[in-house]
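After this come two complexes, each holding chain A, first together with chain B and then together with chain C.
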Partner chain A sequence: MPDLKLSSRAMANGCFYLEAQGFLDAHTYEDMDRLIQNIFARNCYRLIIKLERVDYISSAGAGVFVGAIGESQQNGGNLVFLSPSSNVREVFDLLGLSQIFLFADTLEQAVRSF
Partner chain B sequence: MGYKSETVELTVPRDTYYLAFIRKVTGDLARKGGFSAEALGQIEMAIDEACANAILYQCPSGSMLGLRVELGEEDFCITLKERGRRFAFEELGVFNLDQKNQCSEPGGLGIFIIKNFMDEVTYEHREGVGNILRMVKFRQRAAVSSHY
Partner chain C sequence: MHQQVLRIINETKNLSLVRKSLSKFIEESPFPRDSRNRIILAVDEAIANVVEHAYGSEKGLIQITLTLDDEKLTVGVCDHGSDFKPNVKEDPDINVHIRLGLKGGLGMFLMRRVMDEVSYSATPQYQNQLSMIKFLPQSESENS
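Then we have the complex of A and B:
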(Lines of atoms letter the chains of each structure in order from A and count residues from 1; the text may use other names and numbers.)
(Lines give C-alpha, C1' and ligand atoms only; values in the text may rest on other atoms or scores of the structure.)
Protein backbone atom coordinates (compact mmCIF):
# COMPACT_ATOMS: atom_id res chain seq x y z
CA MET A 1 0.00 0.00 0.00
CA PRO A 2 1.22 3.56 -0.68
CA ASP A 3 2.75 5.27 2.28
CA LEU A 4 3.77 8.75 3.33
CA LYS A 5 6.91 10.31 1.88
CA LEU A 6 8.38 13.29 3.66
CA SER A 7 11.20 15.64 2.79
CA SER A 8 12.41 18.78 4.48
CA ARG A 9 15.07 21.46 4.23
CA ALA A 10 16.07 24.59 6.07
CA MET A 11 15.60 27.78 4.08
CA ALA A 12 17.92 30.78 4.08
CA ASN A 13 15.32 33.04 5.67
CA GLY A 14 14.91 31.06 8.90
CA CYS A 15 11.91 29.10 7.67
CA PHE A 16 11.77 25.34 7.34
CA TYR A 17 10.20 23.75 4.29
CA LEU A 18 8.41 20.38 4.53
CA GLU A 19 6.87 18.46 1.69
CA ALA A 20 4.55 15.49 2.11
CA GLN A 21 3.34 13.01 -0.45
CA GLY A 22 0.86 10.16 -0.04
CA PHE A 23 -1.47 9.34 2.82
CA LEU A 24 -1.44 11.11 6.18
CA ASP A 25 -3.56 8.78 8.26
CA ALA A 26 -3.52 6.88 11.55
CA HIS A 27 -0.75 4.68 10.17
CA THR A 28 1.60 7.47 9.11
CA TYR A 29 0.80 10.53 11.26
CA GLU A 30 3.56 9.74 13.74
CA ASP A 31 6.16 10.16 10.98
CA MET A 32 4.93 13.69 10.33
CA ASP A 33 4.73 14.43 14.05
CA ARG A 34 8.28 13.18 14.58
CA LEU A 35 9.61 15.31 11.72
CA ILE A 36 7.93 18.47 13.03
CA GLN A 37 9.18 17.82 16.56
CA ASN A 38 12.71 17.36 15.22
CA ILE A 39 12.49 20.72 13.48
CA PHE A 40 11.15 22.40 16.63
CA ALA A 41 14.10 20.86 18.52
CA ARG A 42 16.35 22.92 16.25
CA ASN A 43 14.53 26.06 17.41
CA CYS A 44 12.85 26.50 14.04
CA TYR A 45 9.21 27.37 14.47
CA ARG A 46 8.33 28.86 11.08
CA LEU A 47 7.17 25.95 8.97
CA ILE A 48 6.02 25.93 5.37
CA ILE A 49 4.26 22.63 4.72
CA LYS A 50 3.48 21.64 1.17
CA LEU A 51 0.47 19.33 0.99
CA GLU A 52 -0.25 19.47 -2.73
CA ARG A 53 0.51 15.78 -3.20
CA VAL A 54 -1.20 14.51 -0.08
CA ASP A 55 -4.06 12.42 -1.42
CA TYR A 56 -5.66 11.73 1.92
CA ILE A 57 -5.61 13.17 5.42
CA SER A 58 -7.51 11.75 8.38
CA SER A 59 -8.31 13.30 11.74
CA ALA A 60 -5.06 11.81 13.08
CA GLY A 61 -3.09 13.68 10.42
CA ALA A 62 -4.96 16.93 10.99
CA GLY A 63 -4.43 16.50 14.72
CA VAL A 64 -0.66 16.65 14.23
CA PHE A 65 -0.98 20.14 12.77
CA VAL A 66 -3.40 21.26 15.49
CA GLY A 67 -0.82 20.29 18.10
CA ALA A 68 2.08 21.77 16.16
CA ILE A 69 0.51 25.15 15.48
CA GLY A 70 0.10 25.82 19.19
CA GLU A 71 3.74 25.05 19.94
CA SER A 72 4.88 27.03 16.93
CA GLN A 73 2.91 30.14 17.83
CA GLN A 74 4.02 29.98 21.46
CA ASN A 75 7.58 30.27 20.15
CA GLY A 76 6.93 33.13 17.76
CA GLY A 77 6.40 31.02 14.67
CA ASN A 78 3.54 29.63 12.64
CA LEU A 79 2.60 26.98 10.11
CA VAL A 80 1.77 27.92 6.53
CA PHE A 81 0.20 25.31 4.29
CA LEU A 82 1.36 25.53 0.71
CA SER A 83 -1.16 24.57 -1.98
CA PRO A 84 -3.00 21.81 -0.09
CA SER A 85 -4.87 19.31 -2.25
CA SER A 86 -8.65 19.62 -2.46
CA ASN A 87 -9.03 16.53 -0.28
CA VAL A 88 -6.91 18.07 2.45
CA ARG A 89 -8.66 21.42 2.17
CA GLU A 90 -12.08 19.76 2.51
CA VAL A 91 -11.05 18.09 5.76
CA PHE A 92 -9.54 21.31 7.12
CA ASP A 93 -12.78 23.09 6.24
CA LEU A 94 -14.93 20.45 7.92
CA LEU A 95 -12.89 20.58 11.11
CA GLY A 96 -12.85 24.37 11.19
CA LEU A 97 -9.09 24.40 10.78
CA SER A 98 -9.16 26.65 7.72
CA GLN A 99 -10.13 29.44 10.10
CA ILE A 100 -6.95 29.09 12.15
CA PHE A 101 -4.40 27.86 9.59
CA LEU A 102 -2.55 30.05 7.08
CA PHE A 103 -2.52 29.07 3.41
CA ALA A 104 -0.43 30.12 0.44
CA ASP A 105 -0.42 29.33 -3.27
CA THR A 106 3.28 29.98 -3.86
CA LEU A 107 6.46 29.61 -1.83
CA GLU A 108 7.09 33.36 -2.03
CA GLN A 109 3.63 34.05 -0.68
CA ALA A 110 4.19 31.51 2.10
CA VAL A 111 7.44 33.18 3.19
CA ARG A 112 5.73 36.56 3.27
CA SER A 113 2.99 35.15 5.56
CA PHE A 114 5.23 35.15 8.65
CA MET B 1 -31.11 3.60 -11.53
CA GLY B 2 -30.66 -0.13 -12.01
CA TYR B 3 -27.69 -0.66 -9.72
CA LYS B 4 -27.07 -4.25 -8.79
CA SER B 5 -26.87 -5.04 -5.09
CA GLU B 6 -23.53 -6.46 -4.06
CA THR B 7 -21.91 -7.31 -0.76
CA VAL B 8 -18.24 -7.58 0.14
CA GLU B 9 -17.04 -8.91 3.47
CA LEU B 10 -13.55 -8.35 4.81
CA THR B 11 -11.76 -9.53 7.91
CA VAL B 12 -8.56 -7.63 8.59
CA PRO B 13 -6.05 -7.66 11.45
CA ARG B 14 -6.15 -4.89 14.02
CA ASP B 15 -3.36 -2.91 12.41
CA THR B 16 -3.33 0.60 10.98
CA TYR B 17 -1.31 -0.77 8.07
CA TYR B 18 -4.59 -2.01 6.57
CA LEU B 19 -6.37 1.36 6.63
CA ALA B 20 -5.29 2.27 3.09
CA PHE B 21 -6.44 -1.16 1.89
CA ILE B 22 -9.84 -0.74 3.57
CA ARG B 23 -10.25 2.74 2.03
CA LYS B 24 -9.37 1.35 -1.39
CA VAL B 25 -11.86 -1.52 -1.24
CA THR B 26 -14.74 0.62 0.02
CA GLY B 27 -13.90 3.44 -2.37
CA ASP B 28 -13.75 1.11 -5.36
CA LEU B 29 -17.14 -0.36 -4.51
CA ALA B 30 -18.69 3.09 -4.05
CA ARG B 31 -17.22 4.09 -7.42
CA LYS B 32 -18.69 0.95 -8.97
CA GLY B 33 -22.02 2.03 -7.54
CA GLY B 34 -21.76 5.35 -9.32
CA PHE B 35 -21.32 7.57 -6.29
CA SER B 36 -19.74 10.95 -7.02
CA ALA B 37 -16.12 11.73 -6.19
CA GLU B 38 -17.25 13.84 -3.26
CA ALA B 39 -19.50 11.13 -1.79
CA LEU B 40 -16.82 8.55 -2.41
CA GLY B 41 -14.26 10.61 -0.50
CA GLN B 42 -16.68 10.99 2.39
CA ILE B 43 -17.38 7.26 2.51
CA GLU B 44 -13.67 6.44 2.45
CA MET B 45 -12.95 8.86 5.24
CA ALA B 46 -15.83 7.66 7.42
CA ILE B 47 -14.73 4.02 7.25
CA ASP B 48 -11.11 5.03 7.79
CA GLU B 49 -11.98 6.98 10.93
CA ALA B 50 -14.19 4.18 12.26
CA CYS B 51 -11.47 1.57 11.76
CA ALA B 52 -8.72 3.83 13.10
CA ASN B 53 -10.72 4.48 16.28
CA ALA B 54 -11.37 0.76 16.67
CA ILE B 55 -7.68 -0.06 16.27
CA LEU B 56 -6.30 2.75 18.41
CA TYR B 57 -8.85 2.89 21.24
CA GLN B 58 -11.22 -0.06 21.29
CA CYS B 59 -10.10 -3.39 19.87
CA PRO B 60 -8.11 -5.77 22.05
CA SER B 61 -4.64 -6.59 20.81
CA GLY B 62 -4.51 -9.49 18.39
CA SER B 63 -8.18 -9.24 17.41
CA MET B 64 -9.67 -8.71 13.95
CA LEU B 65 -11.97 -6.13 12.38
CA GLY B 66 -14.99 -7.43 10.50
CA LEU B 67 -16.30 -5.27 7.67
CA ARG B 68 -19.44 -5.80 5.64
CA VAL B 69 -19.81 -3.42 2.70
CA GLU B 70 -23.18 -3.45 0.96
CA LEU B 71 -23.82 -1.65 -2.27
CA GLY B 72 -27.59 -1.46 -2.47
CA GLU B 73 -30.05 0.02 -4.93
CA GLU B 74 -30.83 2.86 -2.54
CA ASP B 75 -27.76 3.15 -0.39
CA PHE B 76 -24.19 2.24 0.44
CA CYS B 77 -23.90 0.61 3.84
CA ILE B 78 -20.80 -0.30 5.84
CA THR B 79 -20.97 -2.31 9.03
CA LEU B 80 -17.91 -2.54 11.24
CA LYS B 81 -17.77 -5.20 13.92
CA GLU B 82 -14.98 -5.41 16.46
CA ARG B 83 -14.55 -6.98 19.87
CA GLY B 84 -13.82 -3.74 21.70
CA ARG B 85 -15.28 -2.33 24.86
CA ARG B 86 -18.35 -0.12 24.85
CA PHE B 87 -17.72 3.56 24.13
CA ALA B 88 -19.89 6.67 24.41
CA PHE B 89 -20.68 7.07 20.73
CA GLU B 90 -23.55 9.52 21.23
CA GLU B 91 -21.53 11.85 23.43
CA LEU B 92 -18.37 11.78 21.35
CA GLY B 93 -17.85 13.88 18.24
CA VAL B 94 -19.85 16.87 19.43
CA PHE B 95 -17.74 19.68 18.10
CA ASN B 96 -18.37 23.41 18.12
CA LEU B 97 -16.14 24.99 15.49
CA ASP B 98 -16.12 28.29 17.39
CA GLN B 99 -14.32 26.76 20.33
CA LYS B 100 -10.87 25.28 19.82
CA ASN B 101 -9.82 21.98 21.30
CA GLN B 102 -13.34 21.04 22.28
CA CYS B 103 -13.15 17.72 20.55
CA SER B 104 -10.11 16.56 22.46
CA GLU B 105 -11.46 13.18 23.58
CA PRO B 106 -9.60 10.27 21.96
CA GLY B 107 -11.42 9.42 18.77
CA GLY B 108 -13.76 12.39 19.05
CA LEU B 109 -12.67 14.06 15.81
CA GLY B 110 -13.09 10.81 13.95
CA ILE B 111 -16.63 10.34 15.21
CA PHE B 112 -17.41 13.96 14.32
CA ILE B 113 -16.29 13.20 10.76
CA ILE B 114 -18.33 9.98 10.60
CA LYS B 115 -21.48 11.73 11.80
CA ASN B 116 -21.01 14.57 9.32
CA PHE B 117 -20.08 12.55 6.25
CA MET B 118 -22.59 9.70 6.50
CA ASP B 119 -26.38 10.07 6.29
CA GLU B 120 -27.22 7.55 8.98
CA VAL B 121 -24.99 6.16 11.70
CA THR B 122 -26.04 3.68 14.37
CA TYR B 123 -23.95 2.26 17.16
CA GLU B 124 -24.65 -0.80 19.24
CA HIS B 125 -22.63 -2.72 21.81
CA ARG B 126 -23.54 -6.36 22.33
CA GLU B 127 -22.18 -8.23 25.31
CA GLY B 128 -19.98 -11.07 24.15
CA VAL B 129 -19.82 -9.69 20.61
CA GLY B 130 -18.44 -6.17 20.87
CA ASN B 131 -19.12 -2.96 18.99
CA ILE B 132 -21.22 -2.76 15.85
CA LEU B 133 -21.10 0.50 13.92
CA ARG B 134 -23.34 0.85 10.88
CA MET B 135 -22.85 3.76 8.49
CA VAL B 136 -25.13 4.50 5.54
CA LYS B 137 -24.85 6.88 2.60
CA PHE B 138 -28.13 7.22 0.72
CA ARG B 139 -27.97 7.40 -3.03
CA GLN B 140 -30.68 10.08 -3.25
CA ARG B 141 -28.81 12.50 -1.02
CA ALA B 142 -25.38 11.89 -2.53
CA ALA B 143 -24.69 13.26 -5.98
CA VAL B 144 -24.38 10.29 -8.30
CA SER B 145 -21.89 10.08 -11.10
CA SER B 146 -23.55 9.61 -14.49
CA HIS B 147 -20.70 7.93 -16.35
CA TYR B 148 -21.15 4.48 -14.85
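Then we have the complex of A and C:
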Protein backbone atom coordinates (compact mmCIF):
# COMPACT_ATOMS: atom_id res chain seq x y z
CA MET A 1 0.00 0.00 0.00
CA PRO A 2 1.36 3.49 -0.81
CA ASP A 3 2.10 5.85 2.09
CA LEU A 4 -0.78 8.10 1.03
CA LYS A 5 -3.82 7.16 -1.01
CA LEU A 6 -5.93 9.99 -2.40
CA SER A 7 -9.25 10.00 -4.18
CA SER A 8 -11.46 12.86 -5.27
CA ARG A 9 -14.66 13.60 -7.13
CA ALA A 10 -16.73 16.60 -8.10
CA MET A 11 -20.12 16.77 -6.38
CA ALA A 12 -23.38 17.91 -7.95
CA ASN A 13 -23.65 20.93 -5.63
CA GLY A 14 -20.41 22.56 -6.77
CA CYS A 15 -18.32 21.12 -3.95
CA PHE A 16 -15.33 18.87 -4.43
CA TYR A 17 -14.86 15.80 -2.24
CA LEU A 18 -11.37 14.59 -1.33
CA GLU A 19 -10.50 11.55 0.71
CA ALA A 20 -7.06 10.70 2.10
CA GLN A 21 -5.81 7.50 3.63
CA GLY A 22 -2.41 6.77 5.21
CA PHE A 23 0.38 9.17 6.13
CA LEU A 24 0.27 12.86 5.30
CA ASP A 25 3.85 13.85 6.06
CA ALA A 26 6.92 15.48 4.52
CA HIS A 27 7.15 12.56 2.09
CA THR A 28 3.59 12.72 0.79
CA TYR A 29 2.28 16.27 1.32
CA GLU A 30 3.12 17.34 -2.23
CA ASP A 31 0.61 14.82 -3.59
CA MET A 32 -2.16 16.43 -1.53
CA ASP A 33 -0.95 19.91 -2.44
CA ARG A 34 -0.95 19.05 -6.14
CA LEU A 35 -4.46 17.62 -5.92
CA ILE A 36 -5.84 20.72 -4.22
CA GLN A 37 -4.12 23.05 -6.69
CA ASN A 38 -5.58 21.04 -9.57
CA ILE A 39 -9.05 21.44 -8.08
CA PHE A 40 -8.52 25.18 -7.59
CA ALA A 41 -7.43 25.35 -11.26
CA ARG A 42 -10.93 24.12 -12.14
CA ASN A 43 -12.35 27.14 -10.27
CA CYS A 44 -13.69 24.95 -7.51
CA TYR A 45 -12.93 26.33 -4.08
CA ARG A 46 -15.41 24.48 -1.86
CA LEU A 47 -13.54 21.43 -0.65
CA ILE A 48 -14.76 18.68 1.64
CA ILE A 49 -11.72 16.78 2.85
CA LYS A 50 -12.21 13.46 4.60
CA LEU A 51 -9.30 12.63 6.91
CA GLU A 52 -10.88 9.82 8.91
CA ARG A 53 -8.34 7.28 7.69
CA VAL A 54 -5.27 9.47 7.94
CA ASP A 55 -3.18 7.72 10.58
CA TYR A 56 -0.49 10.36 10.79
CA ILE A 57 -0.14 14.01 9.84
CA SER A 58 2.87 16.26 10.35
CA SER A 59 3.24 20.01 10.00
CA ALA A 60 4.03 19.48 6.31
CA GLY A 61 0.63 17.86 5.82
CA ALA A 62 -1.24 20.41 7.90
CA GLY A 63 0.70 23.15 6.09
CA VAL A 64 -0.93 22.18 2.82
CA PHE A 65 -4.31 23.11 4.28
CA VAL A 66 -2.93 26.26 5.94
CA GLY A 67 -1.59 27.31 2.56
CA ALA A 68 -4.80 26.48 0.72
CA ILE A 69 -7.53 27.83 2.98
CA GLY A 70 -6.74 31.49 2.27
CA GLU A 71 -6.99 31.04 -1.51
CA SER A 72 -10.17 29.07 -1.05
CA GLN A 73 -11.80 31.75 1.10
CA GLN A 74 -10.65 34.56 -1.18
CA ASN A 75 -12.58 32.83 -3.97
CA GLY A 76 -15.77 32.34 -1.99
CA GLY A 77 -15.03 28.82 -0.82
CA ASN A 78 -13.64 27.06 2.20
CA LEU A 79 -12.15 23.81 3.38
CA VAL A 80 -14.37 21.56 5.53
CA PHE A 81 -12.73 18.63 7.26
CA LEU A 82 -14.91 15.56 7.46
CA SER A 83 -14.40 13.18 10.39
CA PRO A 84 -10.69 13.78 10.94
CA SER A 85 -8.94 11.03 12.89
CA SER A 86 -7.93 11.71 16.48
CA ASN A 87 -4.29 12.00 15.40
CA VAL A 88 -5.19 14.66 12.85
CA ARG A 89 -7.35 16.54 15.36
CA GLU A 90 -4.52 16.57 17.87
CA VAL A 91 -2.04 18.10 15.41
CA PHE A 92 -4.65 20.67 14.34
CA ASP A 93 -5.15 21.46 18.04
CA LEU A 94 -1.41 21.82 18.66
CA LEU A 95 -1.12 24.23 15.73
CA GLY A 96 -4.16 26.26 16.75
CA LEU A 97 -6.01 25.26 13.60
CA SER A 98 -9.06 23.74 15.28
CA GLN A 99 -10.40 27.23 15.98
CA ILE A 100 -9.89 28.26 12.36
CA PHE A 101 -10.86 25.23 10.28
CA LEU A 102 -14.42 23.99 9.78
CA PHE A 103 -15.28 20.41 10.78
CA ALA A 104 -18.19 18.11 10.06
CA ASP A 105 -19.23 14.65 11.17
CA THR A 106 -21.31 13.81 8.10
CA LEU A 107 -21.18 14.66 4.41
CA GLU A 108 -24.57 16.40 4.64
CA GLN A 109 -23.33 18.55 7.49
CA ALA A 110 -20.18 19.35 5.52
CA VAL A 111 -22.18 20.50 2.50
CA ARG A 112 -24.33 22.73 4.72
CA SER A 113 -21.17 24.37 6.14
CA PHE A 114 -20.59 26.48 3.00
CA MET B 1 19.42 3.28 30.58
CA HIS B 2 18.22 2.17 27.18
CA GLN B 3 19.74 3.50 23.97
CA GLN B 4 19.26 3.03 20.25
CA VAL B 5 21.06 4.66 17.35
CA LEU B 6 19.40 5.00 13.94
CA ARG B 7 21.18 6.10 10.78
CA ILE B 8 19.27 7.14 7.69
CA ILE B 9 19.95 8.84 4.38
CA ASN B 10 18.28 12.24 4.00
CA GLU B 11 15.26 11.06 2.07
CA THR B 12 11.70 11.75 3.14
CA LYS B 13 10.71 8.15 2.46
CA ASN B 14 12.80 7.21 5.53
CA LEU B 15 10.66 9.30 7.89
CA SER B 16 8.08 6.57 8.37
CA LEU B 17 10.86 4.08 9.22
CA VAL B 18 12.12 6.37 11.98
CA ARG B 19 8.59 6.87 13.30
CA LYS B 20 8.15 3.11 13.44
CA SER B 21 11.47 2.55 15.24
CA LEU B 22 10.78 5.34 17.73
CA SER B 23 7.29 4.03 18.37
CA LYS B 24 8.76 0.64 19.26
CA PHE B 25 11.51 2.23 21.36
CA ILE B 26 9.09 4.13 23.63
CA GLU B 27 6.28 1.56 23.53
CA GLU B 28 7.13 0.20 26.99
CA SER B 29 8.09 3.57 28.47
CA PRO B 30 5.98 5.30 31.15
CA PHE B 31 4.80 7.89 28.61
CA PRO B 32 1.04 7.62 28.05
CA ARG B 33 -0.12 6.85 24.52
CA ASP B 34 -1.08 10.41 23.55
CA SER B 35 2.26 11.65 24.80
CA ARG B 36 4.07 8.97 22.78
CA ASN B 37 2.23 10.10 19.64
CA ARG B 38 3.26 13.70 20.24
CA ILE B 39 6.90 12.69 20.80
CA ILE B 40 6.87 10.80 17.49
CA LEU B 41 5.49 13.94 15.84
CA ALA B 42 8.22 16.16 17.33
CA VAL B 43 11.03 13.81 16.27
CA ASP B 44 9.52 13.46 12.80
CA GLU B 45 9.45 17.25 12.49
CA ALA B 46 13.10 17.50 13.55
CA ILE B 47 14.26 14.95 11.01
CA ALA B 48 12.09 16.39 8.25
CA ASN B 49 13.81 19.76 8.86
CA VAL B 50 17.23 18.15 8.47
CA VAL B 51 16.16 16.28 5.34
CA GLU B 52 14.88 19.49 3.82
CA HIS B 53 17.67 21.89 4.82
CA ALA B 54 20.95 20.25 5.80
CA TYR B 55 22.37 18.80 2.60
CA GLY B 56 20.67 20.71 -0.21
CA SER B 57 20.27 18.32 -3.13
CA GLU B 58 23.15 16.07 -1.97
CA LYS B 59 22.78 12.76 -0.20
CA GLY B 60 23.79 12.83 3.44
CA LEU B 61 23.66 10.86 6.66
CA ILE B 62 21.40 11.65 9.58
CA GLN B 63 22.07 9.97 12.91
CA ILE B 64 19.30 9.76 15.48
CA THR B 65 20.19 8.74 19.02
CA LEU B 66 17.37 7.75 21.35
CA THR B 67 18.17 7.51 25.05
CA LEU B 68 15.68 6.60 27.74
CA ASP B 69 16.66 6.74 31.40
CA ASP B 70 14.80 6.95 34.70
CA GLU B 71 14.02 10.62 34.22
CA LYS B 72 13.68 11.41 30.57
CA LEU B 73 13.79 10.61 26.90
CA THR B 74 16.61 12.35 25.05
CA VAL B 75 16.62 12.50 21.27
CA GLY B 76 19.72 13.64 19.39
CA VAL B 77 19.56 14.37 15.67
CA CYS B 78 22.96 14.92 14.02
CA ASP B 79 24.05 15.71 10.48
CA HIS B 80 27.16 16.81 8.58
CA GLY B 81 25.30 19.31 6.45
CA SER B 82 25.44 23.06 6.13
CA ASP B 83 25.11 25.21 9.21
CA PHE B 84 21.42 25.31 9.95
CA LYS B 85 20.07 27.22 12.90
CA PRO B 86 16.29 27.31 12.82
CA ASN B 87 14.38 29.85 14.79
CA VAL B 88 13.90 28.09 18.11
CA LYS B 89 12.27 30.96 19.97
CA GLU B 90 9.56 32.75 18.05
CA ASP B 91 6.13 31.21 17.60
CA PRO B 92 4.58 31.53 14.16
CA ASP B 93 1.37 33.52 13.75
CA ILE B 94 -0.95 31.00 12.13
CA ASN B 95 -3.23 33.78 10.84
CA VAL B 96 -0.29 35.33 8.97
CA HIS B 97 0.49 31.93 7.49
CA ILE B 98 -3.09 31.66 6.26
CA ARG B 99 -3.21 35.22 4.93
CA LEU B 100 0.04 34.79 3.00
CA GLY B 101 -0.62 31.19 1.97
CA LEU B 102 2.51 29.95 3.76
CA LYS B 103 2.79 26.18 4.01
CA GLY B 104 6.00 25.67 5.96
CA GLY B 105 7.67 26.89 9.11
CA LEU B 106 5.43 25.10 11.61
CA GLY B 107 7.65 22.15 12.53
CA MET B 108 9.85 23.89 15.07
CA PHE B 109 6.77 25.28 16.78
CA LEU B 110 5.40 21.75 17.18
CA MET B 111 8.74 20.47 18.49
CA ARG B 112 8.81 23.16 21.15
CA ARG B 113 5.17 22.61 22.10
CA VAL B 114 5.67 18.89 22.57
CA MET B 115 9.14 18.55 24.05
CA ASP B 116 10.37 20.03 27.33
CA GLU B 117 13.73 21.17 25.96
CA VAL B 118 14.91 21.81 22.39
CA SER B 119 18.42 23.06 21.62
CA TYR B 120 20.87 23.28 18.74
CA SER B 121 24.63 23.09 18.86
CA ALA B 122 27.61 22.44 16.59
CA THR B 123 29.96 19.61 17.60
CA PRO B 124 33.41 18.66 16.25
CA GLN B 125 32.03 15.30 15.13
CA TYR B 126 28.83 16.63 13.55
CA GLN B 127 28.06 19.93 11.92
CA ASN B 128 24.62 20.24 13.48
CA GLN B 129 23.24 18.57 16.53
CA LEU B 130 19.68 18.99 17.71
CA SER B 131 18.86 17.76 21.19
CA MET B 132 15.32 17.31 22.50
CA ILE B 133 14.29 16.18 25.96
CA LYS B 134 10.97 14.95 27.24
CA PHE B 135 10.77 14.23 30.94
CA LEU B 136 8.89 11.18 32.10
CA PRO B 137 5.47 11.93 33.63
CA GLN B 138 6.53 11.48 37.28
CA SER B 139 9.66 13.61 36.75
CA GLU B 140 7.48 16.29 35.21
CA SER B 141 5.26 16.49 38.28
CA GLU B 142 8.29 16.60 40.56
CA ASN B 143 9.75 19.41 38.50
CA SER B 144 6.58 21.49 38.48
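To be clear about the criterion, the second predicted complex is superposed on the first by the 112 of 114 C-alpha atoms of A that agree within 3 Å, B and C clash if a C-alpha of one lies under 4 Å from a C-alpha of the other, contacts with A are read in each partner's own complex, and residues count from 1 in each chain.
In this text, a contact is a pair of C-beta atoms (placed from the backbone, for glycine too) under 8 Å apart; a residue touches a chain by one contact, two chains touch by 3 or more.
These numbers were taken from a predicted model, which means no experiment stands behind them.
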| item | value |
| --- | --- |
| Chain A as common anchor, with chain B and chain C clashing or fitting | clash |
| Contacts of A:A41 with chain B and chain C, given as first, second, both or neither | neither |
| Touched partner set for A:N87, first chain B, second chain C, both or neither | both |
| Partner with the higher number of touched chain A residues, chain C or chain B | C |
| Partner chain in contact with A:E71 - chain B first, chain C second, else both or neither | second |
| Partner chain(s) touched by A:D33 [first = chain B, second = chain C, both, neither] | second |
| First (chain B), second (chain C), both or neither touched by A:F23 | both |
| Where chain A meets both chain C and chain B, residue numbers | 23, 25-27, 56, 58-60, 62-63, 66, 87, 90-91, 94-96, 100 |
| Chain B-facing residues of chain A, complex | 1-2, 23, 25-27, 56, 58-60, 62-63, 66, 87, 90-91, 94-96, 99-100 |
| Parts of chain C lying in touch with chain A, wherever the complex brings them together | 12-13, 15-16, 19, 34, 37-38, 41, 44-45, 48, 51-52, 94-95, 97-107, 109-110, 113-114 |
| Chain A to chain C touching residues, read off their complex | 3, 23, 25-27, 33, 56, 58-60, 62-64, 66-71, 87, 90-91, 94-97, 100 |
| For the chain B and chain A complex, residues of the former touching the latter | 16-17, 19-21, 23-24, 41, 44-45, 48-49, 52, 55-56, 95, 97-98, 100-101, 109-110, 112-113, 116 |
